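Here it is: the structure, laid out below.
Letters A, B, C and D name the chains as they come in the text, with residue numbers starting at 1 for each one.
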Amino acid sequence: MVCKACFEVGIKLGALFHQFLGVPISFENVDLIEKTIESCVKLQPYVVDVKVEVDRKTLEEKLSRLGYTTLSPEMLKVEVVVEVENVKVRGTLKWVEEMKYPYMDFEVISF
Amino acid sequence: MVCKACFEVGIKLGALFHQFLGVPISFENVDLIEKTIESCVKLQPYVVDVKVEVDRKTLEEKLSRLGYTTLSPEMLKVEVVVEVENVKVRGTLKWVEEMKYPYMDFEVISF
Amino acid sequence: MVCKACFEVGIKLGALFHQFLGVPISFENVDLIEKTIESCVKLQPYVVDVKVEVDRKTLEEKLSRLGYTTLSPEMLKVEVVVEVENVKVRGTLKWVEEMKYPYMDFEVISF
Amino acid sequence: MVCKACFEVGIKLGALFHQFLGVPISFENVDLIEKTIESCVKLQPYVVDVKVEVDRKTLEEKLSRLGYTTLSPEMLKVEVVVEVENVKVRGTLKWVEEMKYPYMDFEVISF
């Protein structure tokens, strides 16, 4: 069940990252975007908790002269918890500047 | 200006179609998805109005045994109005079953 | 290491599914699409093997009157193998018609 | 017909931009990615020519410590020509650094 939970949390992180990159975003709809991504993750099997944050500082830096930009890997910070028969695993996604990479990791939090 | 308005409305329809296909969706978040797509289109230049509808009947038919599905071309109905220096053009997207195609069209509504 | 390998293979399946849904496809470029998706998966960490198949029968059924369609969940069949320190896990994705769902699964093949 | 051609070229630019952002890319598969995007655009109605270039300098700068990155707006340079009843329109997409924006434009080249 631990393996299954790790597999499932990996799916959720890979899925949301590649689904939502490119979404038009600004300070006007950033709250809505976060809430919507969370709603999409929650629909998926085994998910018991999810928190999506778009980094406002990075968003501000990326804003175009037209006042918006598109969601980029540098902005996303995510935490997803899945539960498979009492095994809980937390998956995380965050941009690591030194690696120039959206690093995904996991931690078994109960089993 | 008419050409420019037609060009701009085409961009908006092509963009939203390819950005949001695949989004996890159910009756729980369909209102939110519609509102979010609208918020994304509104950020883009020249847009003065937008209406996104996900067809509930198609959504219901497509629901998996897990209670959700992913946004597919058959579900989307969209109307976007752009305005470029007093020229208004309305672009539309809707699934045409006989063509098995998400047909996009436009109409100059004032100039 | 088994958990890590399961996590990683989950990421790959979730990622490719949500990245490539919606891609314009026909019999003219289907081989190229398969090869390209495989090339994208191979770039990612721990991947040692990947096979992507677009079901030709489903593709044919889905073709629009214009001779092409967009990649949909029903068409995709994928196998990805990751290796993390001698642990190999095979992840699979295929459409299950009875569930109306793109089912993802995994199997530990050596450890 | 000029308006129709402008509308159609807008669709193609908006579509490809939002479909392919996020694709895993490196020097190993960049040629393939360009060719594949072109193949997808060519399937669409009215397209008579298309040229997709991923900027190698930007690609190199964006490469993560893992040797690949994901396709981002800064990398894309595209030219698409559509023809609607003898009217040809060329649409272009390129990153404009001063605007921090992927600028799309068009030009009627024969009518």
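FYI, a contact is a pair of C-beta atoms (placed from the backbone, for glycine too) under 8 Å apart; a residue touches a chain by one contact, two chains touch by 3 or more.
Note that the structure is predicted; figures quoted are calculated from it, not measured.
*Asks:* Quick check: more C-beta contact pairs at B-C or at A-C?
*Replies:* Between B-C and A-C, the larger count of C-beta pairs in contact belongs to A-C.
*Asks:* Would you mind pulling out the distance in Å between where the CA atoms of chain B average out and where those of chain C do?
*Replies:* The separation of the two C-alpha centroids amounts to 27 Å.
*Asks:* Quick one: report the Å distance separating chain A from chain C, using the average Cα coordinate of each chain.
*Replies:* So the centroids are 21 Å from each other.
*Asks:* Listing for chain C: what residues touch at least two other chains?
*Replies:* 15, 17-19, 22, 66
*Asks:* Quick check of your reading of the touch definition: is the inter-chain graph here a line, ring, star, complete or other?
*Replies:* If you draw each chain as a dot and join those that touch, every dot ends up joined to every other.
*Asks:* For the complex, which residues does chain A have touching chain C?
*Replies:* The contact residues of chain A facing chain C are 2-4, 6-19, 91, 104, 106, 108.
*Asks:* Once bound in the complex, which stretches of chain A touch chain D?
*Replies:* Result: residues 17-18, 21-22, 62-66, 69-70, 72-73, 98-101 of chain A touch chain D.
*Asks:* Where on chain D does chain C make contact in their complex?
*Replies:* 15, 19, 22-26, 28-29, 32-33, 35-36, 39-45, 66-68
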